[in-house]
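Below: a set of structures, written as structure tokens.
Shared between the two complexes below is subunit A, which has subunit B as its partner in the first and subunit C in the second.
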Partner chain A sequence: MTFPGPDINWVAFTPPLVLLLTAALAVLFALYQESGRLTAQLSLLGLVVAALFNLHLFQVVRQTDAFTSFGLRYLADTPAIAFNFVILIGTVLAVLMSYHYLERADLDHPEYYPLILLSACGAMVMVAAGDLITLLLGLEIMSLAVYVLSAWRQGSRESEEAGMKYFLLGAFASAFLVYGIALLYGASGHFVYAEIAAVLRGDGFDQLLLATLGGMLVLAGLAFKAALAPFHQWAPDAYTGAPTPVTAFMSVVVKAAAIAALLRIFSSVFPDLSPLVGQVFAVLVALTLVLGNLAALFQRGVKRMLAYSAVAHAGYLGLAVLAAGTVGTRAAIWYLTAYTLMNVGAFAVLSLIADRNDRGDDLERFAGLGRMKPGLAAALTVFLLSLAGIPPLAGFTGKILVFQAALQAGYVALAIIGIVMSVVAVVYYFRVVAVMYFREPEYELPAISSWATSMAIVVTVAGTVLLGIFPGWWYGLLQAGRQLLAGM
Partner chain B sequence: MTLTVILIPLITALFLFFSEAADPLVRRFLGLLGTVSTFLVALYLPGTPGMSSLWLPGVNVYFALSPDGASAVLVLVASLVMIPTALYASGRVERRTGSFLALLLIMQAGLNGIFLAKDLILFYLFWELTLIPSLMMLGIWGGTKRRQAVQKYLIYAVTGSFLMLVGMLALRPLSGAASYRLEDLLAVTPALPAGTQLWIFLLFTLAFAVKLPLWPLHSWLPDFHEQNHPSGVADVAGTLYKVGGWGFFAWALPLLPGAAAVVAPVLLVLAAFTAVYAAVIATSQTNLKRLLAYASLSHMGLVGVGLFGLHLTGLSGAIYLLAAQMVSTGGLFLLSGMLYERRKTFELSEYGGLSRSAPALAAVTLFVLFTSIGVPGLANFPGEFMSLLGAFHASPWLAALATLSVIAAGVYGVNLYQRLYQDRETQPVADLRELELAVLVPILAGILWLGLAPGPQLERIEVQTRIIAQTVQPGEEIPMVTLGGRP
Partner chain C sequence: MVATEYYVALSSILFAIGAVGVLTRRSAIMVFLSVELMLNAANLALVAFARQWSGAGSITALSGQTAVFIILALAAAEVAVGLGILVSIFRYRASTDVDALAEIRL
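Now for the complex of A and B:
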């Protein structure tokens, strides 16, 4: 019996590796630093390097077949690379948002940035995972860092409660996932998606019930991370309690990773399980769309409204996941790209308007903003209209792609639920726009200026508008190279 | 070339947004520059080649524009109306004039896009894009109850258009069309099974009926007009934005002829009812703007009557009326703004006997009112006449009913003139000023042009009408009925 050496393709996982090294370096660095600014700059540098490596990887993958590592356990296909870009953009924006925010809010501990980087690194591993163990590994790396970050506001009951809640429920969800993995392994004898799928498809497989049960539990674990109802309960509290940059990071990066994992499993293992899994997921998506949007409608605070809207958007992403095998993958990635820009942008504007403890995000505070701060108001208008799916902004194109995917896959009823709920969404998004422009100023706003946050806003506005007007080039890139692999 | 009528207003709007601190004359100049040059391009639009390039590869959405047939006519008339509208706005909107003009021009860009789009999703894009500026104009510059009006308008418009989007997106996968371009869809969608056609057509109808507007989905309209800026400028923009008729004409009827044949009789009843109902309500209004809103609604009912008769003559007439009422209703709203400036109220009871102090204003008002009533030789007549003629082929009774609205129009029109300009004289007012004269000249010219020489425009419209008439009623011999050349 020959024992093959480990199959390590270093190029495939350079981006997360760079983040890991940067994070390790930043922790050392942080030991000797009072202020987090240098750590932030180091982190930005690391992120840029990771992006360059990701770009290199994209070139390599387009030309050669070198896109897996550790057997089929780590996959660097075009979707993974695209997800990496989304994660990197989200992380860069979160770091930019934090740059002055942390000092202003008295939260400036240098460990903050390494944790963000570690979490992004975990997300990248999750995105590329071709087997259940790698998936779990990535998920835990990502989550542990985020648990800490969400409770970053020490001494604030709200933040601590949010972190605690997130941690306990998250641990519970991980347990679901592990149990599901165990059952799938018990039924099939494999961890790698492709091998599981092969066993499921093979003759004489008689453990369908066990495997389906395992699949359901895996689904529950990932639905928790993606904040799909009814596993979304943690999200509004965690999003509201966490410092705003962390909220932006969580609502984007964590969601991207979970959606990526769902896409892979839905295009490999799940089709061979009982159709019940797909039906259950469809119900989850419908519930998310309805609950997320209706709850957002009744929020007074803008941050909490955005928190629920983030839940609702998980539902739209879920529509694309249902069509995972076909056009759904590209639709989901496209939607996530748009969502990353507009959602982080909205939170960035919010962080310049709310008080330093993140209070004071009532609707009334936005009254007359169009007069007092025309630039900020215009940016927020762009983000909100894009989130509402109004053309010609990125959110609109995303919506078209997602609904097209769902309709093509035959989910007409779900698409109609989604559209009816987007009408509700327009009402709550436009309410903020209306207050900004149609009412006279009532509050004296804190004079906050931060070039880093402003830069994040400029980038996100430009991205939201340009992606909306020229959606073709990003979609074209998504079509290039190796499409979604599931270790096959 | 085709794209320029969208780009010019957009670019002008961009400059206008940053002109808040500039001299008022700069803003006026910019507004005129944008609208006049758009109009000049629109003059040369008919016959120019369109454009078509892949916009969203995954779902085959094309950026396809073409000034074929009726598209160029509507762009031309809308661009004509925009010139006096922008001019008047530059003189009458005191607060944040630059932003107002910018929104107005964005609306123009969106409207031109709606008329020129030859890709279903692109059409939707412009359709929705135009909503935002009209909401902002109402919300920022509107009256005291504007927030309720905005909410009502938003919910009506968005519910309709979002549901329509589902129908649009379903059309390609269900029919197997190569793309969302009109030509690709036209090749396959008429063959869709009747049930599928029906539900998609109903989704389209919901959106188009809100924007036509058609009873019972019209209730946002009176509030919308009453609460808009008293200069009447936003109302003109809103009048141009009544594009539901265009939606039926350019998309719903030709793409889904099977369903159109089934649903049209019902819609014909609704349209005839809308025409009469709105005209009757208009006679009893005491607020000038609400009266005009109902009058406009009645005209749109006639547009519907022409469309849903599904007859060549009626279809052409409906689109011609759609174009003509842009000028006549637009002119009336501008006149209402001029009256408001003199008296600071829209309550008709406050007016009376103005013809003695402002004879020129009275004469122009009477002229535009006559147009609105449908006096032969003026803009509305050919369209109204042909719409009713077309409907007569489908149902003589309903056509007769709809004709009552023309009589009612005579009642409220003449009555309005009396209440404003005759009877006992109230406080004298100033007669037309230079700016106002400059505003009204293009309107009057447009009325005479569309009224006296309908031939060329009708011919352009008819090219498109024949396609629809053939898909909706294939095999039927369609005689060429046109008022071309007739005064």
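Now for the complex of A and C:
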């Protein structure tokens, strides 16, 4: 019996590898450190190096061809590289937000930053996964680190309960994913998307029921990670209970990875299953759009409102997933880029306003912010308007792109639900803006200054505005190079 | 030779028992054990399918078996993290009842 040697193309996975090595080094340093400053700086360095490798990868892929490694199990194509950039931006911003926040909240342990890097590394593996086992590995690497991070505030009931709930439900969801993978293997004999799709398309394939059942279970597992209704129950609790920088990280990076995985599966395996899978997903998307937006309408706390708004945005991303293929993929990546900037920005502002234990994010607290802290209020206004989809900010272009993708794929009713719901969303975003500018101050706000968080806010404001004014630049880059998606 | 269907039927029963356990048990440890049962149900299905595919070439059959090892490792990692969080909650709460996790509004 002979086995072919492993086909390892190191260049393809340099960015996650750099993050992994940096995290390992940072854990070693953490042994001899009390404060997280050094590991934070090391992590930022690692992230920048990973971004440079990613840029190099992008340039090579643009000129020649997409990289694959381990057969078709790891795909470094244009979507994967673009998702890597989104993940890296989200992670850098989360690290910047955490830099002073952790000290202020008395949560400053050096192991925090390696965990963030490991989670980002898992997300990158998930984004590039060309087979179900790689997907599962990436998902677990990402999730296990995030479970710990969301329970980071030791001794706080909310944070530890958030971590526990997230962990138990996450483990439950990954059991569904694993069982779905087993059934897809049983039906096709393969784990690699391209090979499964080839078997499904082949003559004499008679296991459609088994494969469709497997596909449904995989869909449920991934929908959980993307926080699509009715699998979104964990999200508001975990987002509210976790320390604010972790919330920002979760709502952006975890979501990006789950959406990327869904895009790949929807453009390879799922089209050949029963059309029921697509219909079920369309129902999930519609539910998410309605439930997320309506629930956000009734929240008192701004952090919890943003948590539900993150659920609602998963619905808009789901619209793009339904149109998976080139147009939908580009729309999803573009939307995620905009969403990363504006959402992390909003959480960054929140982290400068709430108390050190994250309490006090009530709407009343924002009263008169426009007079007391004009800079912060202006930044938050930009983020909220962009989240609501007001032109000319980035969120507007993102929404146009996903609605367009959904219409092109023939989901007219869903696109209409999306548009109606984004009108509803304007209400709860504007409520915060109105309170900031048209109400008298009621609270004495804590005087917090943090150059790192301010830097994150400046970068996200600039990104949100510039991306909105010049949408074509990033979209053009997304069109470059070859889109493998499933290795076909 | 026992047909693959019987193994898969057994594994789906185990999976269902695990799922019911997650939804009904109150202790976090028992919820956790139920999740492990679900994962092992998937492992059983994978092994059974791997045997079924043994006619289709060694690589096809072995990929199913290697997947089982990977899932075993993942389950172990999950246990480590999960019990860690559990212990840190238990330290000040002295209870692992999931119904007590009601501080956060649903």
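As a convention for this text, the second predicted complex is superposed on the first by the 483 of 488 C-alpha atoms of A that agree within 3 Å, B and C clash if a C-alpha of one lies under 4 Å from a C-alpha of the other, contacts with A are read in each partner's own complex, and residues count from 1 in each chain.
Note that in this section contacts are C-beta pairs under 8 Å (C-beta built on N, C-alpha and C of every residue); 3 or more make two chains touch, one makes a residue touch a chain.
Just so we're clear, the structure is a prediction, and the values are computed from it rather than from any experiment.
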Identify the partner contact of A:Glu158: answer first if only subunit B is touched, second if only subunit C is, both if each is, neither if none is. second
I'd like to know which partner A:Gly71 touches here: subunit B for first, subunit C for second, both or neither. neither
Does subunit B (first) or subunit C (second) touch A:Pro392, or do both, or does neither? first
Applying the touch criterion given at the start, work out whether A:Gly241 contacts subunit B, subunit C, both or neither, answering first, second, both or neither. second
With the two complexes superposed on chain A, say which partner A:Phe403 touches: subunit B (first), subunit C (second), both, or neither. first
Using the touch definition from the top, say if A:Pro441 reaches subunit B (first), subunit C (second), both or neither. neither
Mind sorting out which residues of subunit A both subunit B and subunit C touch, each in its own complex? none
Footprint of subunit C on subunit A - complex, ascending: 1, 3, 133, 136-137, 140, 144, 147-148, 151, 154-155, 157-158, 160-165, 167-168, 171-172, 174-176, 178-179, 181-183, 185-186, 189-191, 233, 237, 240-241
In the complex, go through subunit A and note every residue touching subunit B. 327, 330-331, 334, 370, 385, 390-392, 396-397, 400-401, 403-404, 407-408, 412, 415-416, 419-420, 422-423, 426-427, 430, 434, 437-438, 471-472, 475-476, 479
Along subunit C, where are the residues that touch subunit A in the complex? 4, 8, 11, 15, 18-19, 22, 28, 31-32, 35, 38-39, 41-43, 45-46, 48-49, 52-53, 56, 58-60, 63-64, 67, 70-71, 74, 77-78, 81-82, 84-86, 88-89, 92-93, 98, 101, 103-104, 106
Which of the residues in subunit B come into contact with subunit A in the complex? 54-59, 61, 121, 124-126, 128-129, 131-132, 135-136, 139-140, 146-147, 150-151, 154-155, 158-159, 162-163, 165-166, 169-170, 172-173
